[in-house]
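Structures follow.
The same chain A turns up in both complexes below, where it pairs with chain B and then with chain C.
After this line comes the complex of A and B, so read on.
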């Protein structure tokens, strides 16, 4: 098989893998501060995409739709934290697992009733006619995924390292009790992390929709893969999710090419089992010694 | 107490009133990926029903009876289809069923209707298996079909469509083609029809790639690259709208400019809309083209549909037209049977005395007595009622202008 086809498959797959990485990054953000994740993250991706689509059909320009979509995602993220996570965390229970799943199901029915069950195209001014780079066809849409994902992750990482608020987030992530003794409100930091996570999910929705269309079930497959990426990479490393996301995406499309499209998901799942068996903290994760 | 008794009497009397209507169930997917076909069939059928009811109803024996509609959404899910069929089969006064888009749903549900002898016109599901499941098979294992069958089809079955698709590919001068299909009953039976047809038409086409996908798949790059690498000059394809659109878009992405030739589903609005400009040039057999100027009856049907449902394009014109004509044929059978009893309607359908003027054509004895050795006895469509359509800028037009002239001449007669 000629090398150009392998390169084409790997590049197309890797660019989709970046979307998994972005959603996985959303899991990391909330896990760092609160040791909880939103199991309804996929639905958050989906409602944000639908919301943005509605804005576009109302005639708003694309460049205005992106920030509004992100704000919507952030608001929904905060709502999830308030209704599904905070009480459970205060009671030191694992109730957030079930509550976030339930909120996700609610968002799903909400979307079905408001926007219907059909897949719809998501118009964007970014063209989808491919151009040729190093023997590989790439569309500007795929490049927009690359740029969007790296820009937003870079901005959040800078925010965490350079600003006072960001440092508070890092402090709570490192040691919640010590941070509270220093006068940092852990609760507010967690709210912030859920808002960021929601914004990231919304961006994932806006970036992927023009490629895959928008529908209530659009994110169910995406979010499963994002979980794999988060677990394989480890729940600490932002750099790790990008690497693993690219790798998993490329692996998937090569598998569907060589083994047949029915085997597309198999290597990802094998990778997940392997990672859990060999490095349960993730490839880029650090083993944490928990003091009792 | 008196009022209570009166109310009770009224309640008991209600079923007697219901017997003064002809109850027809319209089923199909009114939501999900197959919805354009399901809703168009339903809405086309309801246009015909509204016209019949406005004229006072169907003449059944010595009285006129209006049509009462029961709607059920099967969501294109086989298990929902089975449940709905069971429910309908248990209704004592149901005259018949019109609908079903998905071959899997037909396979799951129709046995319940056949058991009770309830007349069903499958419309517009095209998968061959919907009727061949009742026909004799040589085996292994050998199968002997039932002597009587209450299931009819009103759609160009995939046998006809497969033949036309292969003909078209040969006409375009192709020698190497790829076969693409989805993993549903519809896709798999479509693939078989294509392979059989290629053999039947003299093995002029070499199948260089055979690829499939699942419902909901968005990324078809792998399948397309294989077809491209193998040098396929055209893709013969069997699937439904959203995934067909994903393939058209994927084709544009990898710069693989060959036509899609496939089942009539390439005319679904969710293919045309989701593929946009990438969808142009797709070829598919059609029983109806949404184009005015062929005959006054067709013009009226299109205008009525647009006005009643407030659209400027029928989501699936083929489905709407077939739903419309199926109701007219069913009503004629009720009239001839002089009864709302399904078994009598089945007999009447098998020997319809009066030609029915529909929007697709004038139906002259569309069905004949069921013969398990020949499933075409319960198929209404033959090759001449089907034309090749082509997607062009968001609409389906005639691929071959000669077909338009032929239909015009036929309508003028």
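After this line comes the complex of A and C, so read on.
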């Protein structure tokens, strides 16, 4: 039955798309406060996944590995901010694009030499035997992705709306100068947003690596699609990335089914260029009025 | 003036003469291959410098244009049997067209969005080269043989001279172009596109043209690349190469032909530098000394921030320690490259050549090129007779920002020989309702023919 196959492909693709959405959400967090993103975010995802894998092979329980992995990701995110972004932002230049690429290159080489070039499986206590929901096979692993992504995004959104620190993040995002006049340190808020973004990326790595594998190149395709999702959805809308992520995941799964697996990445990239051409602020983004 | 001409042109001439003379003394094919690669990368980086240096955009698509140029030449030679020069022209033409097509949407963006658009173009190109198997042979790779030039087969030495000839041509062409009106327009664009537009230099048009030009040079380099290696594989032109090329431009120094060639030689020679351990240790030691010197000087004169002074020292020190600790430096190639680049980008934002030219200019006391004397306005402006001909006509002009109407329904006609006045005649506040803010009125004045 082709109908059920299409539904199956679309659902498992869409669940994968949630991982793109999560990484894209990390881009939005830093873009909101500092108008910059980490171009080496893929390497951050990969290094965090390798770190978590090391903890698991050391015998730590899975539930302890997740928070430790998140903390590691947050620490790397803060390091990226300190070394790659802060100076460029102070100079109001776009040097951060180059510097974050350079840091990513360093992390890549570091991981290659410390953990090896081979792809390794990521053991997890969550079973991967599929069960049947509404005529579609879903594995508990995929459900864990769904739950993890939505839970973390929900928590961060709550944090931004309910806590004082979170409101500071929102304030800097809305108007940096006004927020500084109110006594909020924009620099510290940007550090916080980079830490959150790093944590989110680490979670994406931990969630996705049982499904794929852990290797130095695991995140290069992932992060490219996360960029597509972030730009197509617009760099402001948290809701938008989930919608576009689900859509893109389903689309590329269908593309690889009909056109061959080599074309898997093509729809996302085409979508990105088209979206930039037609609506540079993204589908869910707000138009920016440029002042001279 | 003459001194400047002699020094600048003379050093260019000496460099090209020295590079061209090398194969007369060195017969080693390996060294010759590296030099050929240097010439090819030189062309490529000069092209990349147009967008990165002059237009000031982070362009991540140059590796894709290298690939497209290489495959265009390769397919042209294997399928249609075209010659070397035709292949170079075809590759350049295809890359110009594709570059312009990519630039049309992409250059409406800037900063990170532009970088992303070009990044995805590179990824898409790799996919297409991989998947269009009937044309490109896919992952198997495309083999070709170097076609003869004017009836004689080219030896590696002849081919090196050919590549050098292309580099010299590109160098001269770009030098003239960049010191012309076009070069100035590119630089103005980088600083402020809006101001450039207001000065009557079409920002968008110049940007697209600049990007297409850079892509065309990528195509030329690609065709030569194909004839150099005579074997092409899609995964040679991925994102990683693009990053290394970009960093080559930054390392060498933006907005400088010399910088592009220095960057190219670093990119081409770096793998060898790393394989020789003693050389690498000496190199990183020199780097550390330079970083220490620049850092201490910058801190004492307060021209550098502490982070700018200290982090290159830390990076180069890591490099030096690493050169003693690590067994196989080849494996750490990317990390070493990253550390070097980090120190240059943070500590020497002008790049190696930017730093060196400032230093050399002080050493030889070379003055900057003199500006031409200002021309009187009457000579520049076209002469018009005062015959009442309409020079400018505006009909029913409307402009509003959100809900604020700045201009509504202005009609204005300017005739030669008359003096026109635009005055605010009825403001919204005085009439109590939003009315036309400005009304243009053309008055004829008896005196003062313009």
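The working rule: the second predicted complex is superposed on the first by the 288 of 292 C-alpha atoms of A that agree within 3 Å, B and C clash if a C-alpha of one lies under 4 Å from a C-alpha of the other, contacts with A are read in each partner's own complex, and residues count from 1 in each chain.
Keep in mind that, in the parts below, a contact is a pair of C-beta atoms (placed from the backbone, for glycine too) under 8 Å apart; a residue touches a chain by one contact, two chains touch by 3 or more.
Predicted model only: the values in this text are computed from it and were never measured.
Touched residues of chain A, counted separately for chain B and chain C, are more numerous for C.
Once the two complexes are overlaid on the shared chain, A:97 sits against chain C while remaining clear of chain B.
Using the contact criterion defined above for the overlaid structures, shared-chain residue A:211 touches chain B, although it does not reach chain C.
After overlaying the two complexes on the shared chain, residue contacts for A:262 are found with chain B and with chain C alike.
Once the two complexes are laid over each other on the shared chain, residue contacts for A:239 go to neither chain B nor chain C.
Judged by the touch definition given at the top, the superposed model places A:128 against chain B, while chain C stays out of reach.
Contacts of chain A with chain B, set against its contacts with chain C after fitting on chain A, overlap at residues 262. Across the complex, chain B is touched by residues 1-2, 5, 8-9, 12-13, 16, 116-121, 128-130, 137, 139, 211-213, 217, 221, 253, 256-257, 261-262, 264 of chain A. The part of chain C that touches chain A in the complex is made up of residues 56, 58, 102, 104-106, 108-109, 111-113, 115-117, 119-121, 123-124, 127, 130-131, 194, 239, 243, 246-247, 250, 305, 307-308, 311, 331-339, 341-342, 345-346, 349, 401.
Those residues of chain B whose C-beta lies close enough to touch chain A in the complex are 31-33, 35, 183, 211-214, 216-219, 221-223, 225-226, 229, 242, 245-246, 249, 252-255, 270, 273-274, 276. Within the complex formed with chain C, the chain A residues making contact are 36-37, 39, 83, 86-87, 90, 94-95, 97-99, 101-103, 105-106, 108-110, 112-113, 220, 224, 227-228, 231, 260, 262-263, 265-266, 268-270, 272-273, 276-278, 280, 289-290, 292.
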